[in-house]
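Here's a structure for you.
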Amino acid sequence: MLETLNQPPAAASPALVEVVKVTKIYPPDVVALKNVSLSAAKGELVFLTGPSGAGKTTLLKLLCRQEIPTKGLIEIDGNDLNNLSDNDIQKLRQRIGVAYQDFKLLPRLSVFQNIAMPMEVQFKSPGEIRSRVTELLEKLGIREKQHKPAGKLSRGEQQRVAIARAAASSPLLLLADEPTGNLDAATTGLVMALFQELNDNGSTIIIATHDESIYQGSNHRKFELKQGELF
Amino acid sequence: MRFALFIFTQTLRNIRHSWGVQLMTLLTVILSVLIFSFFYLIYSNMLQAGEKFGEELRLTVYLQASLSPAQQQEFTEKVAAFGKVDRISFITPEQAFQRLARQLGNDSDVLADLNPAFLPFSAEIYPHKDIRNLTRIKEFAEYLKNLPGAQKVQYGQAWVERFGHFVKLLRFIVIISGTLLILTTMFMVSNTLRLTLFARQDELKVLRYLGATNSYIKGPVLIEGFALGLFGAGLGLAALFFLFQWIRNHFSSAGFLQLFELRFLPMTNSAIILLGSIMLCTLGSLLSIRRLLKK
Amino acid sequence: MRFALFIFTQTLRNIRHSWGVQLMTLLTVILSVLIFSFFYLIYSNMLQAGEKFGEELRLTVYLQASLSPAQQQEFTEKVAAFGKVDRISFITPEQAFQRLARQLGNDSDVLADLNPAFLPFSAEIYPHKDIRNLTRIKEFAEYLKNLPGAQKVQYGQAWVERFGHFVKLLRFIVIISGTLLILTTMFMVSNTLRLTLFARQDELKVLRYLGATNSYIKGPVLIEGFALGLFGAGLGLAALFFLFQWIRNHFSSAGFLQLFELRFLPMTNSAIILLGSIMLCTLGSLLSIRRLLKK
Amino acid sequence: MLETLNQPPAAASPALVEVVKVTKIYPPDVVALKNVSLSAAKGELVFLTGPSGAGKTTLLKLLCRQEIPTKGLIEIDGNDLNNLSDNDIQKLRQRIGVAYQDFKLLPRLSVFQNIAMPMEVQFKSPGEIRSRVTELLEKLGIREKQHKPAGKLSRGEQQRVAIARAAASSPLLLLADEPTGNLDAATTGLVMALFQELNDNGSTIIIATHDESIYQGSNHRKFELKQGELF
């Protein structure tokens, strides 16, 4: 359905995410991003780093149309985010998985139900949902918590639920905001392995983090933000 | 098909996860409907009783001479020319004399030697309720007085005036308090719905971020609103019915029902209340959720 | 002192941070008070009108012979022995004759040759409202019949019966609908308060975790509840007053007020409504917050 | 006021926190802590580590009476937490600062108001509150955000607000749960400096963390939890 929106076949550029001269000012005067341009190719994994308050989360929010830029152009898979109808935005969001920095889980729903949500929203079949959720629970080591309400988990467990939810529908683009802030080294390993696997299967992944241990030594591209400017 | 199933599952899940609040909201609707329809019931019975009293209104025309049946027919037609009339009865002097005797009771012997013929022939006219208001009655009396053969027209002028004012006041109160009740119940129900949905704001936001379409989000909320209106009004009307039965039984012993006949709301009115409640709840939910989704 | 200041600051902060919801809650209270007191006003006026009608009730005792002023005095005492009486008037045969003549109107010439003495001497008794109900009236009539010299007792039995039933039904409806209204408004107001505080649950929890004493947390909430009850009832009663004035002006042209005298709620009742509203809101807030704090 | 509760003068033991054979089971069957015993002396700084779901947060919650132990004894400054009246618990909580893993800020109140809350609750004078809050804002580098609603800050900024609030009333005991999960290295330095300063002024501090960089190389004691057991 969304495919039909790709009217010009993305002019030979293989970029999935294209950010051009984007400025974001939160009213009245907080300049969160200043003239930022970057792009990520289809199937790429990139890191976004920078100190606290640099604008990492803001950039990710712009990419999933949770906020709109004050100035500049953002294209995802060839769709100009400024020119999408409400319905098209929802369609696009179905293809973007986001692991929020503050998780945004529904605390009274079970872990299973939380992870299943993006697939339910896309009307996947119950069998498909069940097998995918179980697979993710297994990979992140929270299988035995699946029937607990998400609000009764430890923060680190909740973080993994948030990541599993973002990964559930094998999205075209996965945005992970500080995905390992509450995780120990071993669990961080599990999460990174999952990202690698998704990446190998063709998902484009953007990870915002300040955790040097996960990007040092990798050969992925790294964007560094400082006070809203790309460095 | 799968869409309908999802919506249904969602609805059940919502209800299970917040049944406390849902129950309170349901109670709000039930009580609103109950109180509204209770007052409506009272008023419709009062208006009906008022009308019944109105049936006692009659105008008496004293005529110069007795009328033959043919003349009576002619007179009736002339009267009807002014407006609709429920009934006309002609009273001969003999009948009038008997009435007077009855009025005097034990003292009726005083009339023993008298000839009934000294009393005039008269016609008693019971006007239709369309002309049973004060101005029309006055015009009617004037009209009757000018009929050929009419000598004098009598009617309980004070009584008519009183009754007219009473019905007017009653109507007025019904309209004002009805408006007040409708506005209040509408406000309360929609405010409760708003507050209830407000508690679910986060959930709705998350659904939007996950790419849920508007119908996916609104569906369950609308179904809940619909069910709320349906069950709320249904149970409210049922409660009213039992309350009504109880009152009627309570008063059935007193030989009272000949005077006022208590009647339950007609089917059409019950149906209107039910539909109104469903509409109010569904629309209220829809408006609240639209406001929440815009944020 | 500093405690009071803190509580006050907190209260203002709360109101500023959720004025939308607060306003809705205030409106809820205003409407509840308005509707409750409006119906109360109608009923108290109706009951009063009912009583006025009751004043027309009288029993006529026909006596075997005329009574001298001394005998009248004696008779009056005997009557009063049964129960309180508003007034007794003695009707001489002459007075009764004149009345009859008036009743017959133009036809009164029929009585011209008669001696008024054929009509009996009678006493008209207007009972006090304490004994103006059906059973008491019947007993009273029985008692009067057995007084020495009494020949016959007459009263509008059908009318008394009707009136008695009417007042009884009215009382009944007042009680039921009053109960219903009180319960509903109490439920609505406390439910709204609950939902409003519910939205502040997180804040209250945090305050507890920071070591806030119970009075620190409850203080602002109680003040808010108090203010809500005060302003809600105050504005509700003010609205009622203006509505009342409007209705009265609307009807002042119709020479109507001689019949029913519309009266506003007496000061004491207004005060009771005000206090009740304050109590309800304060208590409602207190109970809701206690439940939230226990969690 | 609370001082009077110290009936036996803590029997020569200078321990401020005393945890003896504590077990915590979340109904129905989640064993979060198993027979844990530990103590921290007055003025000590200790670390609590362990993988995600080990029970770190649970232990801290027990120390501030946010949860009650299923079995075992907990004493803070000589007060048996099981035997405190509701009022005494509130008094005790005023002397314990907690930086929650999920912050528990009031999003609509300003940063300043959030940090001022524990002092307001203790009816400190407005002047005292103002100077202390300003000092903390300065030290954690969020001075220019002081009038913004806490909900409109970046996660890392919010974390610092949570820490500032915990430190505001210079508590006897400070519990910090994963205080640097959302912070970059430089900001972590600011936070640790603040903790060190408080510690030097006599506060006892317990830091639950998985961030090796902050406890490696320090000579403070370290407790390691694994699956609810002290290791």
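By letter and in written order, the chains are A, B, C and D; residue numbering begins at 1 in each of them.
Please note the rule applied: a contact is a pair of C-beta atoms (placed from the backbone, for glycine too) under 8 Å apart; a residue touches a chain by one contact, two chains touch by 3 or more.
Every value quoted in this text rests on a predicted model; they were computed, and no experiment measured them.
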- line: Most remote chain w.r.t. Chain C, using mean C-alpha positions, is A
Separation of chain B from chain C, taking each centre as the mean of its C-alpha atoms, in whole Å: 23
Chain C-chain D separation of Cα centroids, rounded to whole Å: 62
Interchain centroid distance [CA atoms averaged], chain A/chain C, Å: 67
Field: Rounded Å distance between chain A and chain D, as computed from the means of their C-alpha atoms
entry: 32
- prompt: By residue number and range, which residues of chain D touch two or more other chains?
  reply: none
- prompt: With chains as vertices joined when they touch, what's the shape: line, ring, star, complete or other?
  reply: ring
Message: Going by the touch definition at the top, which pairs of chains touch each other?
response: A-B, A-D, B-C, C-D
Touch list for chain A against partner chain B, complex: 64, 66, 86-87, 90-96, 98, 104-106, 108-109, 113, 117-118, 120-123, 125, 165
Field: Contact footprint of chain D on chain A as seen in their complex
entry: 26, 30, 50-53, 57-58, 101-102, 148, 152-157, 159-160, 178, 181-187, 210, 212
Task: Could you pull out which chain C residues touch chain B in their complex?
output: 21, 24, 27-28, 31-32, 34-35, 38-39, 42, 100, 103-104, 106-107, 109-111, 114, 118-120, 152, 161-162, 165, 168-169, 172-173, 176-177, 180-181, 183-184, 187-188, 191-192, 194-196, 198-199, 243, 247, 250-251, 254-256, 259-260
- prompt: Which residues of chain B touch chain A in the complex?
  reply: 2-3, 6, 13, 17, 202-203, 205-214, 216
